[in-house]
Amino acid sequence: MPGNFIPVNYLPIVIFIAIALAFGGVTLLLGTLLRPRRIYKAKLTPYESGNIPFSDARAPFPLRYYIIAMIFVIFDIETVFLYPWAVVYDKIGLYGLVEMTLFISVLLVGYIYAWKKGALEWD
Amino acid sequence: MMDHILSTILFAPFVGVVVLLFIPNARPLAVRTTASIAGLIPTLASFYLLYHYDSAAGGYQFTEQYVWSKELGISFFLGVDGISIPLALASSILLFTGVFISWHIEDRPKEFYIFLLILAAATIGVYVSLDLFFLYFFYEMSVLPMYVLLGVWGSHTKGYLEMADKEKRDSVGFIFNFASNSKEYAAMKLTLFLSAGAIVALIAILIIYATSGLHTFNLVELQAHGRVPQYLHGILFLLIFFGFASIAPIWPLHSWSPVGHAAAPAAVSMLHAGVLMKLGHFSIIRVGYTLFPDATREWMPLAAVLCVFSIVYGGLVAYFQRDTKYVIGYSSSSHMGYVFLGMAALNVISMTGAVLYMFAHALATGMLFAIAGYVYDQTHTRDIPSLGGLSSKMPFIAGIFVVAVAASFGLPLTVNFIGELMILVGSWSIYPVQTIIAVLGIGLTLAYLFRMMRGVFYGPMDPHYAHAQDASPFVDRLPLLVMAATSIYFGLFPTQFIHVIRAGVMPLIAAIQGAGPIPPVGGPF
Amino acid sequence: MVPLSYYVILSAIVFFIGVIGVLIRRNIIILLLSIELMLNAANINFVAFSHYLKTITGQVFVFFVLTVAAAEVVIGLAILIALYRGKATVNVEEVNLMKW
Amino acid sequence: MTFSVTDIGAVLPEILIAVYACAILLIEPFLPKDRREILAYFGLAALGLAFIATWQLLWADLTVLNGMFVLDPFGNFFKLLLYVAAIMTILLSMGYLRRERIDLGEYYAFILLAICGMMIMVSGSDLVTVFLGLELMSITFYILVGFKRFEEKSLEASAKYFILGSFSSGILLFGISLLYGLSGTTNLEAVALHLRGADPGNPAWVLAVILLVAGFGFKIAAVPFHMWAPDVYEGAPTPVTAFLSVGSKAASFAVFLRVFMEALGGIHADWRFLLILLSVITIVMGSVVALVQTNIKRMLAYSGIAHSGYALIGLLVGDRLGIFSLMLYMPIYAVMTLGAFGVVTLLRRGGVEGDAIDDFAGLAKKNRLAALAMLIFMFSLAGIPPTAGFIAKFYIFMAAVNVHLTWLAVLGVIFTAVSAYFYLKVVMVMYMKEPDEEVHLAAPPAVVMVLAVAAVAVLLLGIYPGPFLDYAQNAALKIR
C-alpha cells in the first residue's frame, strides 16, 4: 500500500491548492517589496477620522445577537435532517411524511415557545 | 396460642411500640401503662416457657419457621433451647422492671419507652432466633435504640457539668468535636464499638454462608450438614469470638462499656448490663460452639486467660471509682469474666453455671443500677465521697441495696451463689490457677461493693440531701421487689432452672467432648 | 484508497488535542471549543469505520452527534452568559466559590 | 419500512411524557404569573398516566424500532423507580420553588424531559439510543442545576456540571465509536455475538472499555470522576439535587449494567478488575471525605458517592445475584436519599440557608415528625438493621462473598462502620442539641406526604421486603 503515496486521482486538487496559495502569496510579496517606505508618527496612529480612539475596538455585543445565533443553530440542524429525508422521500412515501411532520411539529413547539417568550423581538 | 408463644414474646414489645406511636405525650399515664403491659406479656410468657420446656427431650422447642427469602435461603426461624430460655426471661424481667424504674421521666416519655421497647425486643430477638441472618439482624438492631437513649436521655459523666468551658477540646474531643466526657461521646463510642464488633461477626457469618455449600442461614441445618472446609474453622471461630466478645466486654475490648453504663439512664443501663452484655456470650455459644466444636475446644483456653484479666482489672478499677454507676459498670464487666471462665472450662457443670450466672447477674446488676438511678434522681449526684448516711432517709432502698450487694457477690440465698459455685467447681479441674484468681475476685467484689454501700448509705449525712425521700409509692417499690423476689426464689428452688439449662448444654458439650478430651493446659495457666 | 489507520490516527490526534485543550485552557469558551473538537474526533471515527465496514449506522450516528453537539453548545453558551452576568468572569480559575 | 402499532405501544410511556412536556412549554407563556401551580399538577398527571402505562406493559419482553429500543421487565423496573422519584421531586419542589421565587413553569417541563431521557436511556438496546437518552438527561440537568440563576452558587454548579458533563460525554462517545469500529455494529446483542466470535485479546477492546467506564463512571460519580458531585449537589436547588442524585444515578447504573452485562459480557475478566479498583477507591473516598463535611448537601453528596461504590460491587460481580443485588440497591438508595433531601428542603426557612448540619440543631424540638423521618433515613443510609439500607448492603456483600471477593465485602463492611459516624452525627445534632429559636417548623402537606411515604417504605422494605425481593428477582436482566 505505501507504493503510490500520492494517489493519482487527487493530483488536480493538489495543483488547485498550489495555484491558489501562489496567487495570494506572490501579490502580497510584491506589494511589500515594491512600495516606498516613509514612516512618520501621524501615519502610525489607528485610522479614527482624526480623533483619538477612547475605548477598545471590541465593544461587547448586545445579547440579542447571541439569542438569534442560538435559534439559527437549532433550525439549521433541522434543515440538516431535512436533506437526507428529501433525498429518499420517494422510497419512504407516507411513512416518511408522517415521520417528518412529527419532527417538524416538535420544532414548531420550540419556535412558538421562543416567539411567545419574546426571543425574536429586535428593538 | 401455645405454638406461637415465641412470636408473642418477640412481637409484644413491637406491638407496644406501634400502640405508643398513637398516644400523645400529653397523657404520660397512658404511655406508661401501655409500656408496662408490653413488658408484662413477655415476662409471663417466658415464665410459662421455663416451666413447660421439656428438659427430657432437650434440643430446640417451640419452633416456628416462616420463609423470608427463597433466593438466599433466609427464613424467620424462632426456637428456644436450655440456653436461651433463661436469657429471654432475664431480658423480659428487666424490660418490665425498667419500665417502672423510668416512671418519672418527663422529657418526652413516649419516645423513651419506644426506644426502650425496641432495645428489649432486639435482645429477645437474638435469644430466640435460630437463623444466622436474623440473629445478626436483631444483634445490630440493638445498636439503634442504645445510641438515641444514651444521647438524649443520658447524663454527662465525670464532672462534665463543672467543666469550665464546655468546648474544652482534648484529643478525643477534637476528633468527635464534643467534649470527651459528654453523653454524646459515650453514645458515639458505644455505637461505633458495637458496630465494629458486629462487623467482624458479620464477615464470619458471610463466609460461613458462602463456604457451607448449603445456601442457607438456618443454624440447625448448618450444624447438621454444613461442610465448611476444615482449615477455615479456626479463623471463623476467632472472628466470631472477637466479634461477639466486644459486646460482652472481654478485657482488651471493654473500654466502651463502663462509659456506656455511666452515661445511660437507669433503665437503659439495667438492660445494657443485664442483657445487652450477654448477647456476646450467647452468640458465641449459639454460633461458635454449635458450628465449630473442634475449633472451640482448641481456642477456648485463650478466653480463659483473657477472662482472668477482666476479672482482676474490672475489680481493681471498680474499687477506686468515685461515681456509683462507674463502680457498677466495672463490676459487671469483671463479673462477665466469670461467665467466660465458665464457658471456657467446656464441661457440663461449668457451662450450666455460666448460663445460670448470666441470668443471676442480670437481676443483681439490674437492682444495683435501679438503686443508683433512684439515688441520682433524689440527690442529683453520683459522687460517692459527697454522698452519705442516706439509709436514714430511705430505709427501703438501703434494704434492697443490701440484697443487691449480697446477690452481686453471690451470697448463698441468691441464685448467683449457685451459678458462681458451679462455675468455680466446673472450671477447677481444668484451670486451677484461674479458679483461684476468680475466688480472690469475689473477695474484691465484696470490697468495692461494701465500700460503695458505706459511702452512699451509711456514715455522716450531708444536710444538703435532707430533702431525699424513700421510695414510698408502689410504682417505685414494685420493680425492686420483683427482682429481689425472683433472685431469691430461684436461689431456693433452682432445680427446674438447672434441668432446663442442662438440657441445652448437654448436646453442646457432647459435641465438643466428642472432638476429643480437652488438652490439659500446660504451664501456670 | 486511503487506508483506515490514517483516519483512526487522525481522529485520535484530534481527540487528544481536545482533551488537552479542556485540561489546560482557562477560558470557558476555549473549553467549549475543545469539547466540540472531541465530539468531532468521534465523528471522524464514525464515518471512517462506517465507510470501511460498508454499513450505514456510523454515518447515521454522526447526524445524532451533530444535533447533540449543537444542543450542548447552545446550552453551554447560555450557562456561560449567565455566569458572566453573575460573576463578571469567564476564567475557570475564579469560579471557585465551592471547594473540597 | 415496517412500522407496526406495537412499536408505538411499546414506546407509549416515553411519547406520553414528551407530549406532556411540550404541552407544558406551550401553555406556560399563556399562563398568568400566579397560576404556575397547575403545571405542577399537569406534570404529576403525566407521570401518573405513564406509571399506569408501564404497569400494563410490566412483563412484556419485546425489541421494537428494529433493535433500537427494548421493552423488558428490567427496563420497566427502573422506569417505575424513576416515576416515583420524579413524582416525589415535583411534590418537594412545589413549595420550594415558590419560596425561592424561581417558580417558572418550565421547571416541570424540564423535569419531564429529564425523566424522558432517563427512560429512553434505560430501555435502549442500541448504543445510539443509550447515547441520545444520556445526552437528553444530561442537558436538561445542566439547565435544572443552574435554575436559581441569580445565585452565584447555582450558576457555578451548573458551569462545573456542564463542562465536566460534556467532557465525559465526549469521552463516552469516543469509546462508543471505537466499539462500533471493533464490532461493526452499535446494537448490544450484535456486539455480544461478535465478541463471542472475535478474539477478545485485541487491546483496542480494553481501550474502548476504559473509555466507556470513564463516561459512565462520571454519570454515577465514581471517585476518579466524582469531582463535580459535591459542588453540584451543594449549588443546585435541593429538589433538583434530590432528583439528580437519585434519578440520574439509578438510570446510569441501569445503562452501565445493560451495556456491560449484555454487550461486553464476553470480556468480563478485563473490565471486572477495572471496576473493582473503581469501587474500592469510591467507597474509601466517599466514606472518609464525608467525615469532615459541615454542609448537609455536600455530606449527602459524598454519601451518594460511597453508595455508588457499594452498588458498583453488585455490578462487577456479574452473575444473577449481582444484578439482583444492584437492582435491589437502587430503589432503596433512592427512597433513603429522596427522604433525606426532603427534610433538607423543609429547613429552608427565610434567612436560614438550611444547608449546614448545624441548622438541624434541635430539629427534634421544632418538628418532631421531620426529625423522626430524618432519623430513619440516616440509620438506613448507615445500614443499621431495621431499615432497608441494611438489607440492600447485606445482599451486595452476599453477592461479593458468593464469587469469593470476600476481601471486597470486608472492605465494604468496614467502611460502612466508618460511615456510621457522620450519619449519626446528624442524628446527634438533631436530637441532642438545643434549637436556637423555639419556632415550630410547619411543613407543607406535599413534603409531609413525601417524607411519610419514604419513611414507611424504608421501614417496610427493612422489615419485610419479601414481595419486593421476588419482583426484583423476576425482573432481573436475563444474561444470555
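Miscellaneous remarks
To keep things simple, chains are lettered A, B, C and D as they appear, and every chain counts its residues starting from 1.
Throughout what follows, a residue touches a chain if its C-beta (ideal position, glycine included) is under 8 Å from a C-beta of that chain, and two chains touch if they have at least 3 such contacts.
From a predicted model like this one, the values you see are computed outputs, not experimental measurements.
Of all chain pairs in this entry, the one linked by the most C-beta contacts is C-D. In terms of their C-alpha centroids, the spacing between chain A and chain C amounts to 18 Å. A separation of 41 Å divides the Cα centre of chain A from that of chain D. Taking the mean of the C-alpha atoms as each chain's centre, chain A and chain B sit 81 Å apart.
Centre to centre, using the average C-alpha position, chain B and chain D are separated by 42 Å. The residues of chain B never reach two or more other chains; the list is empty. In chain D, no residue touches at least two other chains. Within chain C, contacts with two or more other chains are made by residues 71, 78. Taken as a contact graph, with one node per protein chain and an edge wherever two chains touch, the assembly fits none of the named shapes, being neither a line, a ring, a star nor a complete graph.
Of all the residues in chain D, the ones that touch chain A in their complex are 1, 3, 22, 25-26, 28-30.
Across the interface of their complex, chain D is touched by residues 8, 11, 15, 18-19, 22, 28, 31, 35, 38-39, 41-42, 45-46, 48-49, 52-53, 55, 57-58, 60-61, 64-65, 68, 71-72, 75-76, 78-80, 82-83, 86-87, 92, 95, 97-98, 100 of chain C.
The touching residues of chain C, when paired with chain A in their complex, are 1-3, 63, 66-67, 70-71, 73-74, 77-78, 81.
Contacts from chain D toward chain C in the complex involve residues 128, 131-132, 135, 139, 142-143, 146, 149-150, 152-153, 155-160, 162-163, 166-167, 169-171, 173-174, 176-178, 180-181, 184-186, 230-231, 234-235. Within the complex formed with chain C, the chain A residues making contact are 1, 7, 63, 66, 70, 73-74, 76-77, 80-81, 84.
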